[in-house]
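What follows is chain A paired twice: with chain B in the first complex and chain C in the second.
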Partner chain A sequence: MSKSRPTFDEMLVGEETPRPPYSAYHRWFSNEDLKDLRRKSSEAEAFFRRIGITFNVYGQADADERLIPFDIVPRIISGREWSVLERGIDQRVRAINAFLHDIYHRQEIIRAGRIPKEIISKNDAFLPEMIGVNPPGGVYTHIVGTDLVRTGENEFYVLEDNARTPSGVSYMLENRETMLQMFPELFAQMKVRPVSSYPRLLRRSLADCAPPATSGRPVVAVLTPGIHNSAYFEHAFLADQMGAELVESHDLSIENGRVAMRTTQGFQAIDVLYRRVDDDYLDPLTFNPDSMLGVPGIMDVYRAGGITIANAPGTGIADDKALYSYMPDIVEFYTGEQAILKNVPTWRCSEADSLAYVLDHLSELVVKEVHGSGGYGMLVGPAASKKEIAAFEKKLRARPSNYIAQPTLALSTVPILTKAGLAPRHVDLRPFVLVSPNRIDITPGGLTRVALKKGSLVVNSSQGGGTKDTWVLGD
Partner chain B sequence: MRLKITHVTSYSYDAPVRSALQKLRLTPRSGHGQTVLDWDVSITGGTRQVSYADQFVNHTDLIKVDPGAQHIEIVCQGHVETENRNGVIGIHKGFAPLWLYRNATPFTAPGSTLRALVRQLKADHGDADALTQLHALSDMILGQVRYETGRTDSSTTAETALAEGHGVCQDHTHVMIAAARLLGQPARYISGYLMMNDRVDQTASHAWCEVWTDALGWVGFDVSNGISPDDRYVRVATGRDYRDAAPIMGIRQGAGDEHLQVSLQVQQ
Partner chain C sequence: MMLGKTAGGLFWMFRNIERAENTARLLEAGWRIALTRGDEGTNEWQSVVITAGMDVAYRQKHDVYEAAPVIDFLLRDKDNPSSVLNSIESARSNGRMVRTALSSEVWEAVNECWMALKSALARPVSERNLYEHLATIRYRTSVVRGALHGTMLRNDIFAFSRLGTFLERADNTARILDVKYYVLLPSAAFVGSHIDNAQWEVILRSVSAARSFRWLNGGDITPKGIAEFLIIDKRMPRSLAFCYSKICENLNDLADDYGQRHGSHDLAETIGRRLRGCGIEEIFDEGLHEFLTNAINDTATLASLIQTDFRFFQ
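And now, the complex of A and B:
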């Protein structure tokens, strides 16, 4: 993490020598014509436009729908590297589910003094309506998207756990589809593990969590806020790929003690609802009474065992940034093992000593809002102007407990294709994890986000980031 | 004491209802000095969808108003055997942590008036033990918030009721809860029934609060009547404030007004 250390490039050692996972790809690339590749790159863009993968950016009225830029150079991870990540993610996700059960029941972890009570009692992400609920199969986070960054050969850090409703899996699937179409010869040469089973596994995993009220084959549906939501494409895509219904608030009502959707044959009870609507909007009878996006009464049916909600309400307490710094303790407490994946060192600005340090080192640190997401409301010290730092300092002093700070990690780079050829850009990785009562499935791959601007560390698509296909090799 | 309770709530709608749900917390549980001998909730004009125990272990029913109905009636009746424990409820049960009852809620968020009340209490009774302080607090609230119906409604906050100086049992209870939390004590809302000595027909179901004290655990305070609950009280639902413990909470689609009528008899 020290500044003097060079950035770890995942493809190349020095200028020319590829690292082992990239050797076959590098050989192929060296024999390709740059112009041809540039042409393929524009073809890929046209392909995405045709299938309609676009997204909305919040706070940009003039650019309602945009395409997330796609880079045709894959990010390649060896099978050995992946197996370490897989074990680490599996362990972390098991711990998160045990933690959620505990926090909504006896709160042993607080009694044991392993996390301070205040981190839960003063946290808006704690949902009292979940107290005492035993979700079917004991699963709280059916779908997790663990954000990882890499800083060296064997150095991975977890950046965020995304235990609410992680998005982006449709990009993982479409990126691969595009690469398969454009470079079939590469897939013939290299053993790239497939990701295409994700929708089938998602369906199976959700169905395995069907509630006691289910009779026959579980009925799964995807609840979307509607066409104006930035991830609507993904909601429709996943419903389609899973063979599940895509439903909105107005399609649903409470019938005979179940949540049911209107069909041409009358009402059909839903067993498992994969909801892409936030907790607060989920049930106007129980939560925000003004919500038009939810289903009145669904929380009552849920508590009575009439439906499974995925992810469970109240899981936000597990991926809260204030709680993040305690994750190594949480993993140890529930699994009895040391955490396999590292946490980024974190200063909690609620603590006086930490705040003093953070205020002294703002130009070196990344400061984030405890409850923020999507790269909004954060300060990237090294990239910020004096004026921006001064403005942020004011906000930080006014509400220190609203912030945490972390060192700027030397994120690894993977080359992208530019006019001049390959050029390194910083990346992160979001693998997608499916949790069911008896198993945890981690799709080999995930969403690699890349900061397209030279030197930039912000990979969020809403802030000018792009994506890459992620290959895990079957070595 | 053996209490016989008959509680009828009816809603009439100006226009047929398109869709309406009601969450009922109208079934008392045995324990804490009361034994429910028999209890029945029957509904006309609506259908019970599910029943479950909520996060505060309140028995909860979800009712759907029959489509097109213009009238719904909920009849609760039964017998409850009660004993006088001088308001002492004692140990904390269930998974809801005690700290949850120390957090402010929208109904009980303190403003300058509530803070002034607590400052006054500390100035006058700062040396007294917790129980004495709480009794004094209850008296102060009754002195400052005159019992008066029709001046506040079910959405009035504790701060508003105290600042305006009038309210009903819900308001008294919210003010007491808010002040107790400012003192650092967990406090909770109780909705239930009270048999008033001089009459069989009661005007409305009642509300009071319980405050946690280290010495005795949960202790009840009925601010409106200036006493701690005895064997004339039946606890039905609890929670952080009215929203958690309300006997009936509804959501409705459709035009037209709703008219509520309540009749309640509590007798020996």
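And now, the complex of A and C:
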């Protein structure tokens, strides 16, 4: 964890020796011509444009649709490494669902004194409307995207639990499709576990949670804010791949106690709605009254068992920053096991001992606002000037409970292809998890985001991050 | 079963594709006349703009009808909702909206069509490059139509796509004829010889039918022959009769599929029957202009009836 430790590179040990998962790839790469690979790289870009995997940039009506840069060097994870992650994610997601059920019912975990009451009751992500509601099939988070980072051979940390409406799965699928087209010989040589079953499994886990009102084969629909949403491509892609209708709020209304879509032959009831619209916008009658993206009255239908909403409203309480530091306790409380995946050590400044430590180590730590997001109101110690640290210290002392602190992690690197050949860049990983009433499916792979700028730790696509195909080997 | 919005998106996607293609054809015919007729040819640009249905919008921006402004207005002017670029942009945006109803071939064809034309039409097109650009437009739109035929199920998705195509085409053919109806009146045959031959040529070229007409008629070009060919000859894929037989066919497929008939079915049958039942003599007796005006109005009424019958909107 200390700053001086060298960065862990997932491909190479030293200058030349590949780590075992990369040995076959490295051998293949050494025999390839750099120019050819650069050409393949631009072919990949043309391919993405043609199939329209683009995202819209907000607030720029006339701007071009952008591509998220794609790097053609895969990120490779061994079967053994994956099985640890898989068990850890499975455990964590089970705990999250148990936690959500508990927090909207008896709140045993608060009674047991494992988490403070205020952290729930005063949290905007907690929806009182969900108290006592039983989601069909008992599932709260049908889809989870667990953000992981790696710092060493066996060191993985969960950064965030994305339990609301995680995005990026279309990139996992299309990145693989692109790699299969460009490098079929690699897939013939190496046993890469397929990811293509995701849409089928998604449909199944949604259908398995059909509400009591369903008659016959469940009707599944994807709710999108519309073609101007930055993730519209993904919404259309998933609906298409699942054979589900892609609906917007103006296609929907409440008919005979069901949520129904307007079709060429009249109204058709929807059983399961995979919504890619935030809680706040879901129902203007219950939440934000100005929302144009939701369905007025859908919460009443939901509570009466007329529709399944995936993910359930109110799941945001489980991935809230204020809750994050309690995740190891939450996992232990509901599964009776130690958490397999590590949490990034977090100091809660509301606690006197922690505050003292944080104040002593400001220059080494990242200090975040509990309810902040998008990097605002945050101190990155190692990058801050003395003046900035002093100013922040004042704010921290004034309202310690508003802050948490974490060490700066030395994220692992995986090489990308540059003009000069391979060059290491920092990465993270978002595997995608599907929860059904009786099972949890974790697709072997996920979305690897990569900071394309040398030395940068910021992998977000809005800040110049790119993606890589993620290979889990069947060894 | 499909979303009303999706049906509307498909309908408009293919109307827009057809419109872009028709505009390209119209420009090509106008350009050819201008080239072959010297000074008199410049008047042709006005009738091109009128045929495209954009005269009012054009006059708001330009005072004269000349090659450069007309070409620019019809190909790429943002203020002209029917310009090729705007048509293709809305076709593609409709395609994006109904992405789940399209095969990946159709989607990629419309997306690539948009990418190609967006870059080809990024700057004004000179007369020297006009032909090449018009060819690109026709080629790209053909690929979309070809993908539709080759890869899509023959279901309601297909039917709504085809309805969009043929309603737009029927409207276009009727308007081409109406703008030129005076050269087709019987008296024109006497006025005639070579000057009006060129006018007839424009009409035929505007619907890509110069060669097929000659082939069928052995070079015997008469006004009645042309009117007959474009109105009631069912062999001609842009004739009103052909368009209406396709419109009826697709509406009937929808009725079979959905087990339900609407007002639009009855109206389409009525129009179709009239086109089948009449001879060209009757049409000329009734008045060609009146006949075409009715056809244009009927087509517009039918289009809006389809939109309400199949719940394109709320």
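Rule of thumb we're sticking to: the second predicted complex is superposed on the first by the 416 of 475 C-alpha atoms of A that agree within 3 Å, B and C clash if a C-alpha of one lies under 4 Å from a C-alpha of the other, contacts with A are read in each partner's own complex, and residues count from 1 in each chain.
Heads up, the rule we're going with is that a contact is a pair of C-beta atoms (placed from the backbone, for glycine too) under 8 Å apart; a residue touches a chain by one contact, two chains touch by 3 or more.
What you see is a predicted model; the values in this text were computed from it and never measured.
*Asks:* Regarding the shared-chain residue A:Arg262, is it in contact with chain B (first), chain C (second), both, or neither?
*Replies:* Second partner only.
*Asks:* After superposition on the shared chain, which partner residues are touched by A:Arg50: those of chain B (first), chain C (second), both, or neither?
*Replies:* second
*Asks:* Is A:Ser83 in contact with chain B, with chain C, with both, or with neither (first, second, both, neither)?
*Replies:* A:Ser83 sits against neither chain B nor chain C.
*Asks:* Is A:Tyr232 touching the first partner chain B, the second partner chain C, both, or neither of them?
*Replies:* second
*Asks:* Determine, under the contact definition given at the top, whether A:Val247 touches first (chain B), second (chain C), both, or neither.
*Replies:* Touch partner of A:Val247: chain C, not chain B.
*Asks:* Using the superposition on chain A described above, determine whether A:Glu129 touches chain B (first), chain C (second), both, or neither.
*Replies:* The first partner, chain B, only.
*Asks:* After overlaying the two complexes on chain A, where does the chain B footprint on chain A coincide with the chain C footprint?
*Replies:* none
*Asks:* Quick one: which bits of chain B touch chain A in the complex? Just the residue numbers, please.
*Replies:* Residues of chain B touching chain A: 19, 21, 23, 49-57, 60, 62, 64, 94-97, 99-100, 102-103, 240, 249-251.
*Asks:* Per the contact definition, I'd like the list of chain A residues that touch chain C in the complex.
*Replies:* Its residues touching chain C are 49-52, 227, 232, 236-237, 239-240, 244-248, 250-251, 261-266, 268.
*Asks:* Which residues of chain C touch chain A in the complex?
*Replies:* 1-7, 93, 96-97, 99-100, 104, 107-108, 111-112, 115, 156, 160, 254, 258, 260, 310-311, 314
*Asks:* So in the complex, the part of chain A that touches chain B is made up of which residues?
*Replies:* Residues 104-107, 117, 121-122, 128-133, 253-254, 256-257, 284-286, 289, 296-297, 300-301, 303-306 of chain A touch chain B in their complex.
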